[in-house]
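The structures considered in this document are given below.
First subunit A sits with subunit B, and in the next complex the same chain sits with subunit C.
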Partner chain A sequence: MLELSHVHKVYRVGAFGGGRLRAVRDVSLTVEPGEVVSLIGESGSGKSTIGKMVLGLFRPSAGRITFEGTDITTIRGHAARKEYYRRVQGVFQDPFSCFNPIFKADRVFEMVRSSYFPRTSDAVWKDKVLDALATVRLDPGNVLGKYPHQLSGGQLQRLLIARALLLDIKLLVADEIISMLDASTRIDVLNLLADLKERGLGILFVTHDLSLGNYVSDKSVILRKGAIAEMGPTARVFDNPLHPYSRHLLSCVPQLHRTWAEVDAELEANPPEDVTLPTADDGESAPLIEAEENHFVGIDQG
Partner chain B sequence: MTNVAGAPGAADKAGSAEPAGERKVSETLHFARRNPKLLIGLGIVLVFLLIGIIGPFFVDHDPNEYVGPKSQPPNGEYWFGTTTFGQDIWAQFVIGVRSTFLIGVFGGGVAFLIGTAVGFVAGYKGGIVDEILNMITNVVLVLPALVVLIVAIAYLDVRGLFVQGVFIGLTTWPWAARAVRSQALSLATRDYVDLARLSGRRTWRIITAEIAPNMSSYLVMSFILLFGGAVLTAAGLDFIGLGPSNGVSLGLMLESAVAWSALQLGMWWWFIPPGLGITVIVGSLYILNVGLDEVFNPKLREL
Partner chain C sequence: MTLRVNDLKVYYQTLRGDVHALDGVTFDLADGEIMGLAGESGCGKTTLGKSLIRLDSRMRHVGGTIELDGKDVPIADDNAMVPLRYHEISLIPQYAMSALNPTRKIGRMVDELLRARGVRPADVADELRRRLELVGLDPDVLNRFPIELSGGMKQRVVMVISTLLDPSLLIADEVTSALDVSTQRAVAESMVEFRDRGYVKSMIFVTHDISLVYQMADTIMVMYAGHVVEKAPAGTVINEPRHPYTQMLIGALPEVGTTTVQGRLEGIPGTPPGLLDPPTGCRFKDRCPMAFSKCSEQPPLVEIEPGHWAACWKTG
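Here is the complex of A and B:
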């Protein structure tokens, strides 16, 4: 459904735009209907940039992003762009900054209505909104007609998910949607994502949290400095990490009944088998090697 | 399921907390009423505005007509005295104040429209559009505006408030464009702007509905400064003899006062009212602006 093929994003930096910052380097991945793909990476690994490129907010510097066969960078004009957003929607990391502070929070629904459902009657629309709110387990009486500062981060985040559900979307880009939520609402939103997956939605789940990626996704993509370090079915990536960076990441997840020293000692006692990593001499490409079936490792960037 | 309180379409505003919009307005009012700079500035501007609006209705003759005795100091009949030719200075003054406000609103308005349009488009669009608009802005910014105005207006046959306002507007917009651009640049990267894009909104609606309301105080203050600037520029042009032909304005009064040696003859009542009028109007506009800045910007409030 969604396919990224050798996508690059290079920013110009510096006073005269002379410097180059390679935020995304040669990333290729696919998202199928009913599949949750986690993009896991540290800050600055390019994961949010990939999300924004898929949403058409940034243009890739090179490479193709195709959605259902059309290259999205060739979408021109307001009408075509609007049609694209009918099928692809995003939810951003910081719910507090997603609402214009001077308007009521449910204006985000009204914007969708005036753009996409101008002929829907009030009653039908109201049912639709209440339906969407029920899906995200929000009490309409608590959230409608309120200003953003009167609602909690979790409520705002779920309003944004409800907003995306008003459209008949095929792909949801969820950019760190969990990180602003407290632990008790986190699991609700994660389960909601699983429900959406059941409905056949493709979800690109951007996160920096390994355990969330593990919990929710079918496929995991670990990013490092803009390039894919490791990609494969979540179970394989987490049970048998092949890239040194993924191993390092996984060893950094705190464990409840063991101290760091014990973990490190165990890792040293049975060092994992090394795999041959691909190399990229040109500093631009980032080839992948299929180490086992559907399980890829990328270049080592130190 | 459809009878939920607060659902869209359900017209019940009862209950719930005080809306933020109202709260914000009342908070602004609270600080506005306690800000002496704002009150003094606004008071003086309003007094002059009233003089300009109401005064001319009590003048039953042409202000340039020779109605009274020559060179009279202020007295009961001619409140501000008369000129060397016996023109009523009070009549000239009230009509001059009116045209001062007109030129301020018109010239400032033209500059404001151009400046905000250029600034918003440049700041929101970015990239090559920004580069081009910024270049144009900088070119106009470094043009010696007064010289261009003098040349342009000197060659025009039609002279009047309208032409003068358009020309002032066309030359004074650049700084407003730069100020608005820098604000729009920062607001355009907010997530709610991205969300409006994802909602299929057009660019101009994003600018007018998402970005502009968040900098409304900034826009008000820009307009006031442009207004003051237009008043000063118009007075300058009038003073050097490029004002509206056969019109009346404070600048033209100053011009004729100087032309007929009011200074040397000690006719202070001829040049003090227009000079003081311009100074006080523009000065209180700036004081008003500082007051507004303190009201809108919590960091500047004196508590």
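Here is the complex of A and C:
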């Protein structure tokens, strides 16, 4: 459904834009309907840049991003872009700053209605809103007619997902949507993503937290300095990490029932086999090697 | 016993009345103990950390006492606290990365800070360099501006500065929350190292990330809506929590290796109560599946086994 093929993004940096920073380097991946793909990486790995390019907020410097067969950079004009956003929507990290504090929180629904469904009658629209709220498991009585400061972060975040569901979306870009939520409500939003997946939605789930990436996703992509370090089915990537960087990252994740010392001792006792990593001499391309079926490793960046 | 906090009450003054952010908090912290302080946002964990060093203008000390190394800590008297700050009690603030003065080179900033506390910078200069090396920084960072350092480096610089005078108590407020996992581990491990070397006698590590606290703390204290709900050795809180809130909180954490295929985890329904007009009795009773009639009275924090404290009628 969504396909990125050899996508690059180069930013101009420095006082006069003289410097170049390759934020995304030769990334190719796909998202199918009903599939959750986690983009996992530390800060500066390019994970949010990929999300923003898919949403059309940035243009890739090279490569193609296609959605249902159309190259999204060829979408021009207001009407065509609007059609694209009818099918692809994003939800971002900070739910508190997505709402205008002067207006009631459900105004976000009205905004969708006025730009996409101006001819829908009040009754039909109300049913649609209630339906979307039921999907995100919010009680309409608790959230409709309230101001943003009266709602919790988890409720606001779910309102934003409900807003996206009012449109006929096929792909949701979820950029760090739970990092600002409390532990007790985090899991509800994650479970909601799993529900949406069962309804056939494709989700690009951007996160820095490996345990959250693991919980919902079918496919994991670990990024490092803009390039893919490892990509494959989530269970394989987490059970048998092949790239040295993924192994290092996994050994640093604080776990609930094992201490770092235990994890290190275990690694020491059974040192993993090394795999041959692909090399790239030009500093631009980032080839992948298929080490197992559907399980790829990327270049070694030291 | 390094620190003894007894029935501490600190309220925030607002136009609509007092917010009961800390409502009777009691705990002890032993020498050499690293205590992880965990809870959801708004549970009072940051307020507790701040109360031990400086009340800001909106905070009011309503009751309770704090004792450090056998001496009373006069938190309500701002001037009397001055000699204690930095020398005895030190804090790494929540956004330590922005705690450095952007207009000063780090070395100069440290000198100014030390002079303000009545310490001659030359007396501790060698120690400062040694400790910077210990956390893996080149002492050359003293000649640089904060903007030249990465987030993890700034965090470690702040950590070294805060502990330079060997305080008895260090309060670390969400120090690793803004860092990447690998930097997070390095910072957490250097904090343990500082305790092991005796640079700080004991530490309160405030965080919302229970799995991180489990990696480094000796004990964990869980707070909910201004009350302490449970305090116990780290392993006990994770593996055998007794308070229903702690049990549900730990049950809601996904781990590496947990997937929706193996069964879904559940969150805690509802939201924490507002503290402007807190409910009577147990503050968790509205979200608690085990609540019964007695929960309308406030459960006391009792020691259910040595070193394991919980505040729930069902565990007592």
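In the analysis below, the second predicted complex is superposed on the first by the 299 of 302 C-alpha atoms of A that agree within 3 Å, B and C clash if a C-alpha of one lies under 4 Å from a C-alpha of the other, contacts with A are read in each partner's own complex, and residues count from 1 in each chain.
Note that in this section contacts are C-beta pairs under 8 Å (C-beta built on N, C-alpha and C of every residue); 3 or more make two chains touch, one makes a residue touch a chain.
Because the structure is predicted, anything quoted here is derived from the model rather than measured.
A.B. asks: Does the subunit A-based superposition show subunit B and subunit C clashing or fitting?
C.D. replies: On the shared subunit A, the partners fit.
A.B. asks: With the two structures laid over each other on chain A, which partner does A:Leu21 touch: subunit B (first), subunit C (second), both, or neither?
C.D. replies: neither
A.B. asks: For A:Tyr215, is the partner it touches subunit B (first), subunit C (second), both, or none of the two (neither)?
C.D. replies: In the superposition, A:Tyr215 touches subunit C alone.
A.B. asks: When the two structures are laid over each other on chain A, which of subunit B and subunit C touches more residues of subunit A?
C.D. replies: Of subunit B and subunit C, the partner in contact with more residues of subunit A is B.
A.B. asks: Once chain A of both complexes is superposed, is A:Ala123 in touch with subunit B (first), subunit C (second), both, or neither?
C.D. replies: After superposition on chain A, A:Ala123 lies in contact with subunit B alone.
A.B. asks: So, A:Phe99: does it touch subunit B (first), subunit C (second), both, or neither?
C.D. replies: In the superposition, A:Phe99 contacts subunit B only.
A.B. asks: I want to verify one number. Taking the Cα centroids, what angle sits at subunit A between subunit B and subunit C, in steps of 10 degrees?
C.D. replies: 80
A.B. asks: Who does A:Val275 touch here: subunit B (first), subunit C (second), both, or neither?
C.D. replies: Neither partner.
A.B. asks: I'd like to know which partner A:Val108 touches here: subunit B for first, subunit C for second, both or neither.
C.D. replies: It touches subunit B, and subunit C stays clear.
A.B. asks: Looking at the overlay, does A:Ala62 come into contact with subunit B only (first), subunit C only (second), both, or neither?
C.D. replies: neither
A.B. asks: Kindly classify A:Val13 by the partners it touches after superposition: subunit B alone (first), subunit C alone (second), both, or neither?
C.D. replies: neither
A.B. asks: Could you state the shortest Cα distance, in Å, between subunit B and subunit C after the structures are superposed?
C.D. replies: Shortest inter-chain C-alpha distance (subunit B to subunit C): 12 Å.
A.B. asks: Using the touch rule from the top, collect the residues of subunit A that touch subunit C in their complex.
C.D. replies: Within the complex, subunit A contacts subunit C at residues 42-43, 152, 182-188, 190-191, 194, 208, 210-212, 214-216, 234-235, 238, 248-250, 252-257, 259-260.
A.B. asks: Under the definition above, what is the set of subunit A residues touching subunit B in their complex?
C.D. replies: 52, 55, 57, 78, 81-82, 85-86, 89-90, 92-94, 97-102, 104, 106, 108-112, 115-116, 122-123, 125-127, 129-130, 140-141, 143-147, 149-150, 160
A.B. asks: Quick check: in the complex, which residue numbers of subunit C touch subunit A?
C.D. replies: Residue positions touching the partner: 40-41, 151, 180-182, 184-185, 188-189, 208-212, 214-215, 238-239, 248-250, 252-260, 264-268, 271.
A.B. asks: So in the complex, the part of subunit B that touches subunit A is made up of which residues?
C.D. replies: Checking each residue of subunit B against subunit A gives 1-2, 4-10, 13, 16-17, 19-21, 24, 190-192, 194-202, 210, 213-214.
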